[in-house]
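Each of the next two complexes has subunit A plus one other chain: subunit B in the first, subunit C in the second.
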Partner chain A sequence: MTVDYVLKRLGMFVLIIFVAGTLNFAIPRLRPTNPVEERMNQLLQQAGGVHIANVEQMIERYEERFGLKNPLWLQYVNYWIALSRLDFGQSIAYFPADVTKEVRRAMPWTLGLVGVTTVMAAVIGSFFGAWLGWTRTPLAISFVVPLLLIVTAVPFYLLGLLMLWAFTVFWPILPGGGAHDPLLAPTFDLRTIIDIVEHAILPAGAIILSSIGFWGLGMRGMMVTTMGDDFIKLAEFKGLKERRIFVRYAVRNALLPQVTGLAINLGFVVSGSVLVEVLFAYPGIGNLLYTAITSNDYFLIQGVLMYVIFAVGLMLFIVDMIYPLIDPRIRYRSA
Partner chain B sequence: MTTATAVQTPLAVKDLKVYYHTRRGPVKAVDGVSFELARGERLGLVGESGSGKSTIALALMMAHKEPARIEAGSILLNGSNLLDDNDEQVRLRRLSEIAMVPQGALNSLNPVMRIRDQVIDGLKDHNVRMSDGEFSQRVAELLDSVGLDRDVASRFPHELSGGMKQRVAIAIAISMNPSVIIADEPTSALDVVVQKQVVQTLREVQERIGAAAIMIGHDMGLMAQFASRIGIMYGGKIAEIGPVSDIFNNPKHPYTRLLISSLPDTRSKRRLEGIPGLPPSLLRPPPGCIFHTRCPEAMEICSQEIPPTRELDANRYAACHLYGDDDGKVVEL
Partner chain C sequence: MANTDTTNMSPQIAGTYDETIFEEESLGARISGTINRNKLLVSGLALMLSVVLFAVVGSAVIDPERAEVGFAKAEKEVADGSIQLRDAPRLRPSGEYWLGSDQFGRDVFAYVAFGTLGTLWMGFIAGVIGIGIGTLLGFLGGYFGGWLDAVVVVLSDALITIPGLMLLITISAYLDQLTVEQLGILIGVISWMGTTRVVRAQVLTLKNRVYVEVSKFNGQGDLEIVFTELIPNLAPFIAAAFVGAVAGAILLSIGLSALGLGPQNEPSLGLMAFWFIRFGAVPQGMWWWFGPPILVIAIFVVGLFMVTAGLDQIANPRLRTSV
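On to the complex of A and B.
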């Protein structure tokens, strides 16, 4: 691995952060509504439409507090300065909580749920896809798997609702929402762990079922292409065992693009799975982002997105570093 | 199984028929082909596209895929019929008894495996038990024998040139000292200079291990350098077969004559001649001799009866109505 190669990839990483960070700053500010005013109106409505004098003054004070009165360039500079300290300011929706604190509270749930399910979906999907693309697959498998892929075609919020109804109403064996029983003390004993897993089964099922087809079909396509390659023919002429041809020749090569796909998807894990988390009231990043967007919470949106951008960039960087290890044709050259 | 005759005749193909079953009926890609190979002999199979030569190669490796099926015939490899073996037996006989140097060597090596491992895995799957050191030693010997540096073992395919890759393919093919080597257009993706070297290497290792070899191709020049005997294929049948010098100097079958006269000659400035017409439909072959529609010497009988194969000379066979009982007796090949 040359220093040159690492530096170039690192430079790319920094560039991604810069461009995405700038967009992240600009896009929320293109919205026509004033977030503070919006929030105030919401609060007023909640209070029963009472008229409060000096609302305009309050709004102005808040805008000053959030720095929204400053000229754009100053906001931009302050934005980067704050970013470099991982300080995303205070949330409007959860005022006066820090954005960073809110994100950190939600992050473990999302990493646990979406991270684990992403890896599981990729592994299971690629496994099925590999079988589907293999010419000598037993008929039973090549019949069952497409059925499974049909499930994938159902929009997963529908699937989620269906699962919710099936397992919490029709056959109530699983909890219907949240990440854990609110009455349980947050200690790490067996009961808590079982409780957390129970709460995760439904949202995890919805995520896995909905994304397995993506991995399965991608893998099958790659397998079909690989099976037509000359090196598979030579492997057969060599009288290799089927198992070796399947694993070492076909799957090993077909898996390469899947690895890139998985890395990018792992980067997106930190953004959570918005629909699933909202549907199952799961207190993860997706839910947080949903709240942030519905309440025009600039700072929270920016905070979450910056974490996503950082994670995706980091995963791409990691892939660049490890890819030459799994595909010798890619070399640590500065290209 | 290995009788005295089997040792002398590592490969005997008899009346082999391979049909591709399409919706419109069977395509008779190989339709009654017979030949024998003696130990150490090199046979060249020449023919235009669609003449069935590559299908023969696949069938000999028992690697033909649906919709291709072997309809009839036998393939005696070292005296025992490949068609009687089950899948696992066939698998074990590949590489150890019959090996293939494939077409288009550019992609025939696994891009993510080192050369060493691609040579060794064939041995391992044929129950060759050796220590790691002995395997490395064997790989080094094999690379030596095809004229490659020993350090090629630790390289990946993309680090090799086309000629080097084809040499690796040859090294793999001889790794278990098979009695038959099939080379299906082994030089098709290489430039002319490398082609000659690769064919030379193939010939050297074949002579060293004493294997019989079949080279398939359409380059008559390369064939002349490699083969001791040449079989001319047309429409799924062998039109003519005989020693290489006889085929070139005294072609008997009209198709062979046209094929030879279509070769460029550096000494004369005549115009190059092609063969008129198109290859026949193997789905609905013309009645009688399959070549009669393009044959300049076609007679009435040619469109009515399939010509029998006659032995016109010692080791010289042709299937053509130009020859009668006075020229040679009909043989059941």
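On to the complex of A and C.
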């Protein structure tokens, strides 16, 4: 792995943040009228949930922060200066709560749910796919593959909905929403952990079930291609044990593209988790974004989006860094 | 008169020719041969077409009023003991209402037909626009190279990492009520990157082929080469990308609409998902309300997977033996 390669990938990461940040800056300004100002005026008229003094204070802060009287380029520069300090302003709906604080409170739930399920689905799916690519039993192929196809075909949130119906209405054994029992004190004892896991089973199950097919089918395709390669034939002619060929020769090489799959799948899972979280009232990033949108909380929307893109970009960068280390065939040289 | 003579004669000639040599080989056997060789592709296409057919025929035949709020009526006993025709939401499936009625008294079967049509139409628009932008940029980058190529690569690499649904949610937060067509255009505009990558990679390999060189020596312009030499060779890839783009757009739109951020005034499967999530179809156990749209989506996407797998088998013969 050369310095050149690392710099290139790092540049890509910076670029992703730059493009996303610029979009984030540009999208609200594409409207002829200022959506935030509209929203403030609306709040002023209602003066219901938020006191008038608060709204006036918000407008003041808002003017001061964004300096909308300034020329566009200056606004853009100020925007990046604020972003570099991870300052996304204050939430409109939860004023004067910091957007960053809100995001940080929701982040662990999503990281736990999406992180754990993605790793589990990748591991289970890959080994399942490896077995499907290796085995010569037509029964397994003609039954399991179509089943995987069907489960994968239903989007996360709809699969989640079906599971919700199956396990809370049809056969009520699991809790139907939230991340933990609201009556339970947030201490770290066995009972709390069991409670949290119990609440996570349905949303996690929906994500795992619908992404196992993605991993399994991808892995199976790679296994079939790898099994036709010359080095497998050589290993067979050498008289190596089948088990050794399977693990060391076939699976190891077929597994490599799956790592890239992890990077591609991540953004997809993060998106899908928005809906899963809303459906199961799970207090993560997706639910926060949903609340932000339904209450037109523009600063919160921007903050959530930037955090998510930052996280996905960072994951991609890490995968890019790991890939050359595990693939013996790739040696990056400066061309 | 001379014209009619020749037209009368030609089928006779063709007929004798077919009967003597090719009759068994040419039509029936060739079609069944193709089907046998590409079972996956053909059955996948059949699944997808069945959904399209259901939507088109269904919405042409069914009275649109059935999908309106408060359509479902049933005879009920009123307070004074007489039997009257009253609004009947939450009806179970029956002879008159094949898939029952929803919370608002819409006929679920009728609504699924109209909703599927709306969703497919939206996906079609998004697919056309996504493929259009994607192919154009892929060609520009791949064929002309240089800084143009660098811009295309960097832009598509950066945009492809931004979760599409997140971006779509953010954009829609700033827009007023969308129509189905506008949503299609919007999704097309933000999901061209996959096509660009495929087209660009293909153009890079194609543009140095001998027949392209020959056309250049013959004095054909760039535009002429693109249309006469490159596009015909790329057609299968563009077609595959189109199918993928339509399905991707449909799933994105359903995700967006299920959150209540999509078009609200025209029937679509996503809007239906929004209602059955919001109005508790699950706790009420109304499987006839949330089941059918999920089934339609599943059939369509399974069909899509099979088509993609079938195309893979044609491109990669190693996969063929083991399915």
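One rule holds in what follows: the second predicted complex is superposed on the first by the 250 of 335 C-alpha atoms of A that agree within 3 Å, B and C clash if a C-alpha of one lies under 4 Å from a C-alpha of the other, contacts with A are read in each partner's own complex, and residues count from 1 in each chain.
Definition applied: a contact is a pair of C-beta atoms (placed from the backbone, for glycine too) under 8 Å apart; a residue touches a chain by one contact, two chains touch by 3 or more.
Note that the structure is predicted; figures quoted are calculated from it, not measured.
Asker: Quick check on the superposed pair: does A:104 touch subunit B, subunit C, both, or neither? Answer first, second, both or neither.
Answerer: neither
Asker: Quick one: is A:16 in contact with subunit B, with subunit C, with both, or with neither? Answer first, second, both or neither.
Answerer: A:16 contacts subunit C only, not subunit B.
Asker: For A:191, decide between first (touching subunit B), second (touching subunit C), both and neither.
Answerer: Neither partner.
Asker: Between subunit B (first) and subunit C (second), which does A:236 come into contact with in this model arrangement: first, second, both, or neither?
Answerer: A:236: touches subunit B, not subunit C.
Asker: May I ask you to name which of subunit B and subunit C touches more residues of subunit A?
Answerer: C
Asker: With the two structures laid over each other on chain A, which partner does A:252 touch: subunit B (first), subunit C (second), both, or neither?
Answerer: first
Asker: Looking at the overlay, does A:290 come into contact with subunit B only (first), subunit C only (second), both, or neither?
Answerer: The second partner, subunit C, only.
Asker: For A:152 in the superposed arrangement: first (subunit B), second (subunit C), both or neither?
Answerer: second
Asker: Touching A:275 in the superposition: subunit B (first), subunit C (second), both, neither?
Answerer: Second partner only, subunit C.
Asker: Is there a shared patch on subunit A that both subunit B and subunit C touch, and which residues make it up?
Answerer: Residues common to the subunit A contacts of subunit C and of subunit B do not exist here, since the sets are disjoint.
Asker: Using the touch rule from the top, collect the residues of subunit A that touch subunit C in their complex.
Answerer: For this pair, the touching residues of subunit A are 12, 15-16, 18-20, 23-24, 27-28, 30-31, 35, 133, 141, 145, 149-150, 152-155, 157-158, 161-162, 164-165, 168-170, 176, 217, 221, 224-225, 228, 267-268, 270-272, 274-275, 278-279, 289-290, 293-294, 296, 298, 301-302, 305, 308-309, 312-313, 316.
Asker: Considering only the defined contacts, which subunit A positions touch subunit B in the complex?
Answerer: Per the stated touch rule, the residues are 229-231, 233-241, 244, 248-249, 252-253, 256, 326-329.
Asker: What residues on subunit C touch subunit A, complex-wise?
Answerer: Touch list, subunit C to subunit A: 154-155, 157-159, 161-167, 169-171, 173-174, 251, 254-255, 258-261, 273, 276-277, 282-283, 285, 287, 290, 294, 297-298, 301-302, 304-306, 312, 316, 318-319, 322-323.
Asker: What residues of subunit B sit close enough to touch subunit A in their complex?
Answerer: 61, 63, 91-96, 99-100, 102-113, 121-122, 125-126, 156, 158, 169, 172
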